[in-house]
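The data blocks that follow each hold one structure.
Next come two complexes built around chain A: one with chain B, the other with chain C.
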Partner chain A sequence: MKINPPQARQREGMVKTVLLTVVMAVITIIMFSKGKIPQNTKELIALILTILFANTLFFLMVHTGKTDRYRAVYFSTFAVMLIISFISHMFGARGSMSLSEAKVLQCEVPFCHLVIPMTLVPMALTKTIIFPGSLIGGYASIASMFVLWIGATLALGRGFCSWGCFYGGLDDGFSRVLKRPVIKKINPKWIYLPFAVLLFVVLTAAAYLSPTYCTWFCPFKAVTEFEAVTSTKILIQTIIFVSLFIGLVIVLPILTKRRTQCAFLCPFGAMQSLTNKINVFDVRIDKEKCVKCKRCIQVCPTLSMSEESLEDGRARITCMKCGKCIDSCPKGAISYHIKGTDVAGNNNAYRLLFLFAAFLFISIFSAHIIQDGIVRVLKLITTGSMIL
Partner chain B sequence: MPKIRSILGYMWAGAAVIVVFATFLGSGFFSRTLVAASGVKISPLYTGGEVVRSVDHGSYRALIHRPVFDALIGERKEGFIQVNWEPLAGLPPVIEESIDYTGDGKADFSVRIDTKTGKTMLTHINPQVTSIEESVKLDDGWVVRVQLKKD
Partner chain C sequence: MQGFFLGLSNGLMCLAYCTPVLVPFMLGEGRGVAHNFVALMQFLAGRLAGYLAFGFAAWLFNVAVLGRMGPKGLFIGILYVIFSSLMMAYGIFGREMPCAVRSIDRIAGKIRIPLLIPAAAGILSGVAFCPPFLLAMTDAAAGGSLSYSIFFFLMFFAGTSLFFLPMPFVGAFRRLQVLRIIGKMAAGIVGLYYFYAGMIAVIAGIRGA
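So, the complex of A and B:
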């Protein structure tokens, strides 16, 4: 079936776009700079580039009405910059990416949001966190990640997976490498696998009082930190990390054009699907406008659109609010929506409110990391070393 | 009724923007409040548990932690006891320490650590003491974990 290009996109006029971008620019300048102009030239360049980058993308999102295209650029840049910043930070602090026994025993391991689901049951029953990190202070403290998670859940729900997660941009980026998927048919039942992984890691973490997903399954260990290989057990763990990273974050996203790690493995994403109920934003389909061309089903990176979704008028609970289906709908039948309001109501207002919350979240959260990444790249160019 | 729901929806959406600001601007405050209000700590499986005794050796001291058998509910059959020696600068070439973790006045095990090579020897006295779990040089000292089992 031939499908016409999208016609009814929620674009805004130039005056409104400029006004909204000015508001965003003022906020980002204040938030990114923390009210101080850096004295160091590299830091100043990084600050200016980050502000320009963020506001150009925001302008384009508002003016063109396309959300996912520009979000993906931001999201993938965030992920790449995190790796640059994190790895060079680790080399600066420890001399390598590997995690020594000493750092574990000193409880100096950076915490990340993926650990949160595994900590909840032990925290409720023993009042302890089963992770060798720092509660407050230091690099990526446990309490700060919990605050971030609570804020993200309230503001974005599962939208965090497309607007906040500093790993998600990797498979999102790789899923855009090819124009067409090589593997086209994926059984939609795979979307339930993360819920099984979530249940498994929550139960095993509670039983062993150990963050089992981090110890055995996290693909992102391959690009952040992992234990120094000193035993067969650690060698097996390292092989699993690298295999999952290559398979689920690079190869399968390229071949399927789906975010396979996020859609078929991540237990944190599964938890966010469950907590998403308390979030006000969702993605809805106007059944009056929908012509059932199924383009949304074809493009959804997480298989969150199905024929049942089109019948129900809403995306599945695994929807990450990336906006790809909205961008691709030829009839403008899919839109961001505010719970309690009319689906066929003021879609532009719904989208702008979501965009403001989501864009602010990713821009503020990523600002320091992107700036640090730029500074380290500039340092690499000028001195041959990324270590500050 | 639909109008009230719609107004509440818009208010909730507006609040989401405020939540984003609060999350980042108030991160330090909320983090401290969260820790204080919940009373959570890092699991003793990682920290080694509370220090129950300190033995002063002049240039360095030994910090003896409580035996850790913590489980999700109750206690495990296997656990460990951690001993730290600090500061690193004051440590002798060889540390020799007899540990009485039961507090009965009799040593339960003794350890000998060559701080140059890291070679660590354990002498069992109490049958609950099984083996060395870890012997690691830290940024400011040395730590040994000795595996224990319950009767």
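So, the complex of A and C:
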């Protein structure tokens, strides 16, 4: 079957786009600057660049009707800037990326959202958060991450994994390196592995009161922080997380053009999938328009589109709402949708509502990290060091 | 608590295997939630009987075999490695678990009293020689005392049984195939954990010998 190139169906006119971008610009300027103009030149440059970067991408998303293309640029930039900012912060604060036992005992370990599934059961049973981080204040506090997670979950469901997770941009970025996948066939049963990992880590965390996923599996320790190798056990843990990072975050995304870490390992992603059930937005397929060309199945980075999805008219529960299937559909049959409304309804309005919530979340969540990353890069250029 | 959590991590898979046996029985009887609950209790009682018998057998194994071997760490480690490898093979590489409960169809025809069918299914599921069960038996035997073995299996029973509680409200588990896949994968990951524990025990045993 001959397939026409994807149509940019949901594009908006210039006037509407400018109006929406102005609203977004006002909000982002206030949020990014925290209401004051930085005195430091590098910080001022970073602020201006971040505002321009965010609002240009938002403008393009609204005007061209393409979601995933511009989201991916922002998302990957966010991940890269996090690494730059985090690693140089760690070198500034500790002198290395490795975590000493003293820092663990002093509860100075930055908290990240991937730990959340492991903390919930022990928190209910023991009223204790099983993570050596600071509750309020300090670097990446537990309370702030919980608030962000709850907000993002209510607004986006598993959309968090494409619009908020500061690691997801890495395998998303690597999955776009090649034009065509080298490995084309993946058994769809692997999409259930994150649920098994979730079950395992929740149970072991409850049994041993320890964040087992962070200790043993988290691949992102390779680009943030890790325990200093002082024993055979830590050496084994290091080999595991480095292998997972190279395999699932770099090599397999390049070869398969899928987000393999997010789709086949991440327990947080599995938990977020369940929140898709209560989230107001979903991705729906208009069966009247669908010609079953299966392009959406080919491009979905998490195997959330299947022939069953086409029959049901909806993506699987694991959908991250990245918008790739929507961008690629030649008939405009796939769209963001608000639950309880007509699938063939005002899709442009649904998309804009989703975009506004999702983009506002990623831009506010990432603003400080991107600005800090730019400041450190500028410092590297001018002084040869990234440490502030 | 290790028995409880081993049970919890394998319970989903047990559920996926036992539900096709129990649900048709419950639906076939069609006497409502209260009757289904009684059937479930019969099933769980049968299952508990099987588990307790195995707790006793694990203790006997410890007395008869492990107790005469001197330091038993190396042997336990080897058993861990073998059973966990089996569990990973079943869990990750898509092999079918050898669960005895699947033979209930053949046996049910020979049982004259229908009320005993759930109990028979429970006993069969309680004496299954699936890899998670063999691992649980090794764990129970490693403890040494009769009370430990019995308590271990009691907790293993409690952990696996939690998943069965919503079963009287049949219809809650429409996606059994998905549950089975997730359960098997979780068992595979638990196998990975036991494989690591087994390797550590083997290395420690070799160093000690």
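FYI, the second predicted complex is superposed on the first by the 386 of 388 C-alpha atoms of A that agree within 3 Å, B and C clash if a C-alpha of one lies under 4 Å from a C-alpha of the other, contacts with A are read in each partner's own complex, and residues count from 1 in each chain.
Basically, contacts are C-beta pairs under 8 Å (C-beta built on N, C-alpha and C of every residue); 3 or more make two chains touch, one makes a residue touch a chain.
Keep in mind the model is a prediction, meaning the values are calculated, not measured.
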item	value
First, second, both or neither for A:Phe365, with chain B first and chain C second	first
Partner chain in contact with A:Cys107 - chain B first, chain C second, else both or neither	first
Touched partner set for A:Lys277, first chain B, second chain C, both or neither	neither
Contacts of A:Val197 with chain B and chain C, given as first, second, both or neither	second
Touching partner for A:Lys34 - first (chain B), second (chain C), both, neither	neither
Which superposed partner A:Lys189 touches (first chain B, second chain C, both, neither)	second
Partner contacting more residues of chain A (chain B vs chain C)	B
Partner chain in contact with A:Lys292 - chain B first, chain C second, else both or neither	neither
Chain B and chain C contact sites that coincide on chain A, given as residue numbers	206-207
Chain C contact footprint on chain A (complex, rising order)	189, 192-193, 195-197, 199-200, 203-204, 206-207, 236
Residues of chain B touching chain A in the complex	2, 5-6, 8-10, 12-17, 19-24, 26-28, 30-32, 34-35, 38-48, 70-73, 134, 136-139, 143
Residues of chain A defined as touching chain B within the complex	31, 101-102, 104-107, 121-123, 125-133, 135-136, 141-144, 146-148, 150-152, 154-156, 206-207, 209-210, 279-281, 338-342, 345, 350, 353-354, 356-357, 360-361, 364-365
Complex interface listing, chain C residues touching chain A	1-2, 5, 8-9, 12, 94, 178, 181-186, 188-190, 193, 196
